[in-house]
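Structures given as C-alpha cells follow.
Note that subunit A is present in both complexes that follow, paired respectively with subunit B and with subunit C.
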Partner chain A sequence: MNEVAVKTIKRSFAYFIGLIFLLSIPLIVKSAYFHHLLIMIGLAALLGMSNRLIINSGAWFMGMAAFYAIGAYGLVLLREKVGMDYWSAVPVIGLITAAIALGLGYATSRVRGIPFAIISVAFAEVIRLTIIKTPFLGGHKAWVCPPPEPIFGITLSSKIGIYYLILVLCVIVGFLFHRLEKSPTGNALMTMAENEELAESIGINTTRYKVVVLMVGALVASLTGTLFASYIGIIGPTSFSLMTSVIILMTIVIGGMANIWGPIIGAAFVTLLPEILPGQAADQNIAYATIVLLTLFWLREGLISLPKQLKTYFEGRAAHKPASISGR
Partner chain B sequence: MYILISQSLINGILAGMIYALIASGFTLLYGNAGVLFFAIGEVFMLGAVLLYCLIEGMSISYFLGVVIVMALLGTFGMFLERAIFRRLTGNDLTFAIGSLALGMLITGIVLKTFGERGKGLITPFPGSFKITGLVIAYDKLIVVGVGLVVIVALHLFFSFTKTGRAIRAVAQDVEAAQLMGVEVFRVKSLTFFLALAVAGLAGALVAPLYYVDAFMGTPVLMTALIVVVLGGLGSFPGAVIGGLVIGVLENIGQTFLGGTTTLLLFMIVIVMLILRPEGLFANE
Partner chain C sequence: MLEVRKLTKRFGGLTAVNNLSFEVERGLIVGLIGPNGAGKTTVFNLLSGYHKPSEGDIIFNKKKISGMKPNKIASRGLVRTFQLVNLVKNGTAISNLLAGYHLQRRAGILATIVKTNKARSEEQELWDKAIEILKEMKLDKRWNQSVSSLPHGNQKALGMAIALAAKPTMILLDEPTAGMNATERASVIKAIHRTRETGVTVMLVEHDLKMVMGVCDRVIVMNFGHKISEGTPEEVSKNEEVIKAYLGYDETNRSGKTVYN
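And then the complex of A and B:
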C-alpha cells in the first residue's frame, strides 16, 4: 500500500473517531450548561465557516450579522405572521436570503478591497436599522420564537436535539466547503483572492464566482440565524449589531484562514474564552482584543498553525544547538 | 418653518464640524497609512474621557485641557504606529482587524477605569444669544470656532509646508514619494499623530455638550464611515465638506424624517460606493 493511501485511511479513521466522540459527548456529560456551550460553539463555527468562504474568494465581507439577522427575523416573522412551521419556513428564508445576496453580489461585483469592506459594514447596518425602524419587524422589541417542530420523530425542543441538528449541519457544511476548496472551483477562488485581474485574464468568471460564493455563505449564515432564533427563543436587534460581525470576523482570525478547521477551533476558543475568564464584559473585551492582536503579530495563520509553528521553533532550536556529547 | 430649518442648519453645522474632524483623521489614516482605522470612534471617546478626567480630577481649564488631550492622543497615535501598525504585515484587511481589536481594547480599558455610567461635565461657557429668533449657545459656537481654526490650520499645513506636502505625496504614491526623498515611516508616524490628535480634539470639544461614556464612539464611527465614503476615501477636503454636509443633512433629516435618516444615509453610502467609489468631492 502506498503512503498516500495509508494517510487517507488514518485520517478517515481519525475523523470517524472524532465524529463518534462528538455524537456521544452530550450523552456522557449530562450538564445542560455543557450542552449550551457545545451549541454555541456550533453556531459560531457555522458563521465562521461561511465568512471564511466569502473572504477566501477575495471579497472582504465584514457584515455577517446581516444574513444572520435575516435568517433569525425571517423565521420569527414567518412563524408569527404567516403561521408556518420551522421546516417549511426554512426553504422560504433560504430563497429570500439567496435573492438578497444575489442582488448585493451583482451590484457590488465591480467593487473590491476596502470599499467592499465598507459596503458590507454599511449593508449590515442597513439591515439592523431597517429592523429597528420598521414597526412590522418589531423595532427595538424582542420576538419570542418557539423551538423547531419534531422531525423523523426526534424532538428538537431539548438542548440535545438542537445540538445534534447543529452537529449534522456543521459536518455537512464543513465537508462541502472542504470539498469545494479542493475542487477546481476552489483553485479558481484562490486565484481570484490572489489577483482578480489575473483570474479574469485566464478565463475565470469572477463575477459569477463571487456572487455564488456570497450566496452560499449567506445561506449558511441565515440558516444559522434560524437555528439561533429557535434555540435562544428570544431575539432582538441587539443580537445583530456591528459587534456580532466583528466577533465572527475575529473567530476566523484567531482560528486561522488556511483550512476549514480554523473557524471551528476559533469558534471553540471565542465561545469558551468568556466562560473561562471571570469578570464582566470589559475584561472579556480586553482579553479578546489582546488575543487578536497577538495572533496578528505572532500567529498570522491562526491557532491551527500553532503545532506547526511550535515544531519549527523547537526544530530550529535543536538545529542551532552545538552537537551533544552523545552525538556521533 | 423658517425657524425650524435654520435651527436644524445651525445644529447641523455643529455636528458637521465634529464629523469633519473625525472624518479627517479617518481619511488621513486611510490615505497615508492604508489603515481602515475602525478605532477612530474609540479615540474620539478617549478624547472626551481624558478631558473629563483632566477637568474633574486636576481642575485644569477647558482650553488647556483640550491642548493636553490633543498632545496625549497624538503621542498615543505615534506609539500605536510604532508598536502595532508598523509591525503588522499583510493586506488592508489585517490592518482593519487590528484596528477593530484596538477599539475593543480601548473600550474595555475605559470601561474598567472610567466606569460604565455616563458622566457629564459642566459647560465652561454657559448662556446663549439670539439672532432673528434663532438660539445659538456659546459653547456650541466655541466648538465650531475651534474646529474651523484647526481645519484651516491643517489645510494651510498640507498646502504650504514641506512636511505637509510630503504627507500628501505619500497619500498619492508611496514609492514615488520615497524616490523624492520623503521618509515614509516618519510621514506615517506624523499622520498617526495628526489623525489621533484631531479625532481626540473632536471628542474633547463635545465632552461638555453630551454625556461622556465608553460607548459614545460607536455611532460616531458609523457616521465617519458615511462621511469618508461621501467625500472620497483618502481625501481631506472631501472629509471636511462631507462632514459638514452630513451633519446638516442629518439634522434636517431628523427634523422631518426622524430616525430613518441614518438608514437612508447608509443606503446612499452603498449606492455611492457602487457607482462612484472615488467620492462626490474628488477632483483628481
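And then the complex of A and C:
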C-alpha cells in the first residue's frame, strides 16, 4: 500500500471518529447551556464558511449580516403574513436571496478590492435600515418565530434536534465547499482572486464566477438565518448589525484562511471566548479584544497554523540546543 | 485570420494608436515592432479586449471581436501573454498551468465536486499533459514549487505555456524574451517555432530586433501610434522610415547606407 492511500485511510478514520464524537457529545453532556453553545458555534461556522467562499473568489465581502437577516426575516414574514411552514418557506427564501445576490453581484461586478468591501458594508446597512424604517417588516420591534415543524417524524423543537440539523448542514456545506476548493473550479477561483488579468486571458468568465459564488455564499448565509430565527425564537434588527458582519469576518481571520477548518475553529473560538471570560460585560469586551489582538499578532495565519508554528518553534529549539552545549 | 481596420485608441488627449490597419495570415509568425511608446502593447490590449477601441474594427476568423470582453476573445481562440510576469504568485507551477486548461474542460462544476468518473479521468488527462509540458520546460522536478521561487526565465516561459494550454488558434506574445539570458531566449525561440508548427498563428511584440528578424515571416513597424512600414524582415530593415525611427535622423549620411545590427 502506498503512502497516499495510508494517509487517506488515516484521515477518513479521523473524520469518522470526529463525527461520532460530534454526534454523541450532546447525549453525553446533558446541559442545555452546553447545547446552546454548540448550536451557536454551528451557526457561526456556517456563516464563516460561506463568507470565506466569497472572499476566496477575490471579493472582500463584509456584509454577511445582510443575507443572514434576509433569511431570518424572510422566514418570520412568510410564517406570519403568508402562513407557510418552515419547510415550504425555505425554498422561497432561497429564491429571494439568490435574486438579491444576483442583482448585487452584477451591480458590483466591476468593483474590486477595498471599494467592494465598502459597498458590501453599505449593502448590509441598507438591508438593516430598511427593516428598521419599514413598519411592514416590523421596524425596531422584534418578531416571534416558532421552531421548525417536525420532518420525517423528527421533532426539531428541542435544542438537540436543532443541533443535529445544524451539524448535518455543517458537514454537507463543509464537504462541498472543500471539494469545490480542491476542484478545477477552485483553481479557477484562486487564479481569479489573485490575478484577474491572467484569469480573463485564459478564458475564465470572472463576472459569472463572482456572481455565482456570491449567490452560493448568500444562500448558505440565509439558510443559517432561518435556523437562527427558529432556534432563538425572537428576532429583531439588532441581531443583524454591522458588528455581526464583523464577527463573521473575524471567525475566518482568527481561524485562518488556508482551509475549510479555519472558519470552523474560528467559530468555536469566537463563540466560546466571551463565555469563559470572567467579570462584567465591559471587562469581558476588553479581555476579548486583547486576546483576539494577541492571537492575530502571534498567529498571522490564524489558529489553524498553530501546529505548524509550534513545530517550527520546537524544531528550532532542538536545532539550537546541541550547538549551544558544544559551544561551552 | 486577423484583420485590423482603422483601429484608433485615444487616452484623453493622447492618441496611442492612430488609424492602424493590418492583416495577419494564418500560420505566420508576425512581429510588431517599434520604439518605446510606439503603441505596440496598446495594440495587444485592444486585440485581446483589455482596452476598448475608440474607433475601428478587429475581425478575427471573420467575426468582429472588438468590444468583446477578454475571456470571450480567449474562448474564440485568440489568447495573449503578458509583458511582465503575470502568474498566481502563491500558486504552484502545476496549479498555474492547470488553470490554463479552463476552456478545454468539459466536466461541469457539480461533476468536479462530486468527482464523477468522467471528471476524474478528464482531470487526470490534463494533469498528465501539464506534467509533460513541465518536463519539456525542465520544470517537472519543481512542479509543486511556488512559482515565485522559480527563475525569471522559467516564470516567463510558464506564462507562455499557460496561454498555449488554452488551445489558441492565434497567440499574442508580448515581449516573450524580455529579461532572459541567451539560453532561455534560444529555448523560447524554439518554442515559438514549435507553436507555429502545431498550426497556431503567432504575433509578437519585441524589442530585440535580432530575434524579430530571425524569427518572423512578416514585420509590422509602428511609431507614434502609426504603422510606418510592413513587409518581410529584409524589406523592413531597408526602409528609410524605419531606420529613422530607430536610429534617428542623420544629416551627414543620407545615402541610406545605415543598416542596423
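The rule is short, and it goes like this: the second predicted complex is superposed on the first by the 313 of 328 C-alpha atoms of A that agree within 3 Å, B and C clash if a C-alpha of one lies under 4 Å from a C-alpha of the other, contacts with A are read in each partner's own complex, and residues count from 1 in each chain.
We take it that contacts are C-beta pairs under 8 Å (C-beta built on N, C-alpha and C of every residue); 3 or more make two chains touch, one makes a residue touch a chain.
What you are looking at is a predicted structure, and each value in this text was computed from that prediction instead of being measured.
Q: Report for A:Lys133: first if it touches subunit B alone, second if subunit C alone, otherwise both or neither.
A: first
Q: Just subunit B (first), just subunit C (second), both, or neither: which does A:Ile9 touch?
A: After superposing on A, A:Ile9 lies clear of both subunit B and subunit C.
Q: Using the superposition described at the top, determine whether subunit B or subunit C touches more residues of subunit A.
A: B
Q: Determine, under the contact definition given at the top, whether A:Val121 touches first (subunit B), second (subunit C), both, or neither.
A: In the superposed model, A:Val121 contacts subunit B only, not subunit C.
Q: Looking at the overlay, does A:Leu293 come into contact with subunit B only (first), subunit C only (second), both, or neither?
A: first
Q: With the two complexes superposed on chain A, say which partner A:Val253 touches: subunit B (first), subunit C (second), both, or neither.
A: So A:Val253 only meets subunit B here.
Q: Both subunit B and subunit C contact which residues of subunit A?
A: Subunit A residues touching both partners: none found.
Q: Show which residues of subunit B lie in contact with subunit A when the two form their complex.
A: Interface residues on subunit B, with respect to subunit A: 30, 36, 84, 87-90, 92-94, 96-98, 100-105, 107-109, 111-112, 116, 218, 222, 225-226, 229, 233, 259-260, 262-263, 266-267, 269-270, 273-274, 277.
Q: In their complex, what parts of subunit C are in touch with subunit A?
A: Within the complex, subunit C contacts subunit A at residues 48-50, 69-71, 74-75, 79-82, 86-91, 95-96, 98-103, 105, 107, 109, 112-115, 123, 162-163, 165-166.
Q: Can you list the residues on subunit A that touch subunit C in the complex?
A: Result: residues 176, 179-180, 183-185, 187-188, 190-191, 194-195, 197-207 of subunit A touch subunit C.
Q: Within their complex, state which residues of subunit A touch subunit B.
A: Subunit A reaches subunit B through residues 55, 60, 62, 107-108, 110-111, 113-119, 121-123, 125-126, 129-130, 132-133, 242, 246, 249-250, 253, 280-286, 288-290, 292-293, 296-297, 300.
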